[in-house]
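Chain lettering (A, B, C, D, E and F) follows the sequence in which the chains are written, and residue indices restart at 1 in each chain.
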Amino acid sequence: MPIVHITRRERFSAAHKLSRPDWSAEKNTATFGKCSNPNWHGHNYELWVTVKGEPSPETGFVIDLSALGQALHEHVVRQLDHKNIDLDVPFMKGRLSSTENLAVAIWEQIKVPIEALGCVLHCVKVQETENNHVEYFG
Amino acid sequence: MPIVHITRRERFSAAHKLSRPDWSAEKNTATFGKCSNPNWHGHNYELWVTVKGEPSPETGFVIDLSALGQALHEHVVRQLDHKNIDLDVPFMKGRLSSTENLAVAIWEQIKVPIEALGCVLHCVKVQETENNHVEYFG
Amino acid sequence: MPIVHITRRERFSAAHKLSRPDWSAEKNTATFGKCSNPNWHGHNYELWVTVKGEPSPETGFVIDLSALGQALHEHVVRQLDHKNIDLDVPFMKGRLSSTENLAVAIWEQIKVPIEALGCVLHCVKVQETENNHVEYFG
Amino acid sequence: MPIVHITRRERFSAAHKLSRPDWSAEKNTATFGKCSNPNWHGHNYELWVTVKGEPSPETGFVIDLSALGQALHEHVVRQLDHKNIDLDVPFMKGRLSSTENLAVAIWEQIKVPIEALGCVLHCVKVQETENNHVEYFG
Amino acid sequence: MPIVHITRRERFSAAHKLSRPDWSAEKNTATFGKCSNPNWHGHNYELWVTVKGEPSPETGFVIDLSALGQALHEHVVRQLDHKNIDLDVPFMKGRLSSTENLAVAIWEQIKVPIEALGCVLHCVKVQETENNHVEYFG
Amino acid sequence: MPIVHITRRERFSAAHKLSRPDWSAEKNTATFGKCSNPNWHGHNYELWVTVKGEPSPETGFVIDLSALGQALHEHVVRQLDHKNIDLDVPFMKGRLSSTENLAVAIWEQIKVPIEALGCVLHCVKVQETENNHVEYFG
């Protein structure tokens, strides 16, 4: 049976900053540059979640995309969209909001719900700007 | 010798629906949602075909892209573009036109012609909308 | 007071064909080419609706974008998305589904609802493929 | 002599919220929805500035694009990029950071510097997300 | 009768430089920067041609898009694609290949052929990179 | 510890041609088509460089993206942007400027500088036009 990868895109707009409270302002600026602006900045993030599996002989689907979309909204997008990643998002508590850390945290949020839909999670891709993105394969 | 992947994009606009004739209208709607609209709907599909191989020392090419384009037109695009996937496309007969099934069927259509061009087929990617796409690696 | 234009994008996926029942198949093909395929084809249409007005001193808004979005969904997108433009859409009855005619018909659908939101409708833009789009200014 | 319009794109990532301090939290939420999140959210804004004039017979240029870029950086992008529009940006003080108000304020910032480069400012376009943008023509 | 604008996109990849033979290398560099590189550089240009008119009651078309496409290929794209704008393109002889001059020259090339198709030429838009484009309205 | 892939995009505009001096004009045309135009043509190339590693517990970064950007500018972009790949670029001397060869050469240019930044180079992707791109994984 063929294994097919299917990817769904979601989007969220959020504020964040890169800044460690245990560091001086100088060290934060030296390390994180303009991303450490004390009053935050923000992005239109794009999220691509790729799952894999065999297409069902009955439906031709690896996964019901609207069920996948609902799971992503409940576990990820609803919590991040129009929020401050550093202040408002429980699953990012205690983590610096680098795109790398965000992708890993999203993976952890959705792995179980996606398996509950009968699929294997393959990749979480997060794009912060048109010039940089991150992929995590677990 | 280095192995390089090269990808060509093609596009086709087609009608389809997701609906099983052996199911009731209710079951089709419950399963396939608005994709089961009896009078069809359609998409601007994008197709990326990735092949791999060693660049020729003579030409620098893994594959002659215009030969690849011609093969894709003959075996895929000409049959799908401005057609109804469910009614007009011989290689989709008897298959539900999910994006997953479409990617697998396109792989089957082009594997031999691409090998005849001296290359290995690596991936067929089909994008149905800007929010979802499928990849098949054989 | 400044006049500002604001534009909202919506998307819909629909089937259609260009074919006159009062013409022979030959004349339809000669005139409309592959767009006349009897079993339909389809597109991911993109719709941009531009309205203009003065930003409210209270809210900074020319129009409440979510109210605009709801109006577009009710009067346009809900009727076109995952439908057959030629068979399923009351406001296209008796009109050939060229992109030009579609833009004019969408204008007629939304002019009054947008004026009811206190704005002036400026432009309806419909994109059929990445290579062609239409604009109607009333 | 022909009049030509030329447009340069710039980008900035910023945090903001839509919320009036003289309104209750309930009224802010009712009016501005999720855009009123107290801890801010943010966007990757895209800015297109269009100027017009006659191409110089000597250079073929309506304007030196790098001089235009420098003016935009000095008067707009440097002040907005990786900033909080509501807290960090002097030219937005006392204005709600709707995209409409932002476009008008950017116009005011750059009109004189662009005229100093020998051109006429034609349009400021600000895109907040892929689904909405604003244009201001003065 | 409604007037509708319709736009077709074409693409061409070409080499060029901005450099006046009657100027010193120093003056060319000071004026045109890296665009004056003696051995040329190049771009993937995008061309959008907008025409306007009344949709035909018979076809719903302002213009036959394939006829428009053929005219653009014959008069513009065939002459520019995979060419050196400064050396290979008769209609650019004696003109600096700024995007501004290119848009004006394309307008002159296509005005008569488009009028021969029964339409009014409205705008020629040429994009040189994702960060800059030019529009000419005649 | 999780391994994360991070990708940075850079762009360069360059001229080139595909043509072997040891072949006749006829053989070059037969093999390389319009890409063999003697006076060159050009593209807006897009470059995506993917590196992988563990995010630092201190910063959340796999790599400092501005350091990566500087390395790419010094070793790749500065040498290619607004240049003729066949005449001006030392690291392409003696190689046909196919996209395949370009991706392999860029890999060779940046492997050591990227390792010096404490990362593993994973992929070099070069896009020549919106319809074709190449990936090299070493």
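Everything that follows uses one rule, which is that contacts are C-beta pairs under 8 Å (C-beta built on N, C-alpha and C of every residue); 3 or more make two chains touch, one makes a residue touch a chain.
All values reported here derive from a predicted model rather than from experimental measurement.
Participant: Which chains make contact with chain D and with chain F at once?
Facilitator: Joint contacts, listed by label: A, E.
Participant: Over the chains that touch one another, what is the least number of steps taking chain B to chain C?
Facilitator: 1
Participant: If every step must land on a chain the current one touches, say how few steps get you from chain A to chain F.
Facilitator: 1
Participant: Using C-alpha centroids, which chain lies at the maximum separation from chain E?
Facilitator: Taking each chain's C-alpha mean as its centre, the farthest from chain E is A.
Participant: Comparing D-E against E-F, which pair counts more contacting C-beta pairs?
Facilitator: Contact tally favours E-F.
Participant: Pick the pair from A-F, E-F or A-B whose contact list overlaps the B-C contact list by over half.
Facilitator: Equivalent chain pair to B-C in A-F, E-F or A-B: E-F.
Participant: Indicate whether more than half of the residue numbers at the chain C-chain D interface occur in both copies; give same if so and different if not.
Facilitator: different
Participant: Of the other chains, whose C-alpha centre is the longest way from the centre of chain C?
Facilitator: Chain centre farthest from chain C's centre: F.
Participant: Centre to centre, by mean C-alpha position, how many angstrom separate chain C and chain F?
Facilitator: For chain C versus chain F, the centre distance works out to 41 Å.
Participant: Taking each chain's centre as the mean position of its Cα atoms, how many Å separate chain A from chain C?
Facilitator: Using C-alpha averages as centres, the distance is 33 Å.
Participant: Cα centroid separation between chain A and chain D, in whole Å?
Facilitator: Chain centroid spacing, chain A to chain D, equals 28 Å.
Participant: Can you list the residues of chain B that touch 2 or more other chains?
Facilitator: Expected reply: 130.
Participant: Sort out which chains touch which and give me every pair.
Facilitator: Contacting pairs: A-B, A-D, A-F, B-C, B-F, C-D, C-E, D-E, E-F.
Participant: Using the touch definition from the top, list the residues of chain D that touch chain E in their complex.
Facilitator: 2-10, 50, 55, 58-62, 65-66
Participant: Please name which positions on chain F make contact with chain E in the complex.
Facilitator: Checking each residue of chain F against chain E gives 11, 13-16, 34-35, 37, 39-44, 81-84, 87-88, 129-130.
Participant: Using the touch definition from the top, list the residues of chain E that touch chain D in their complex.
Facilitator: 18, 20, 31-33, 95-101, 103-104, 130-138
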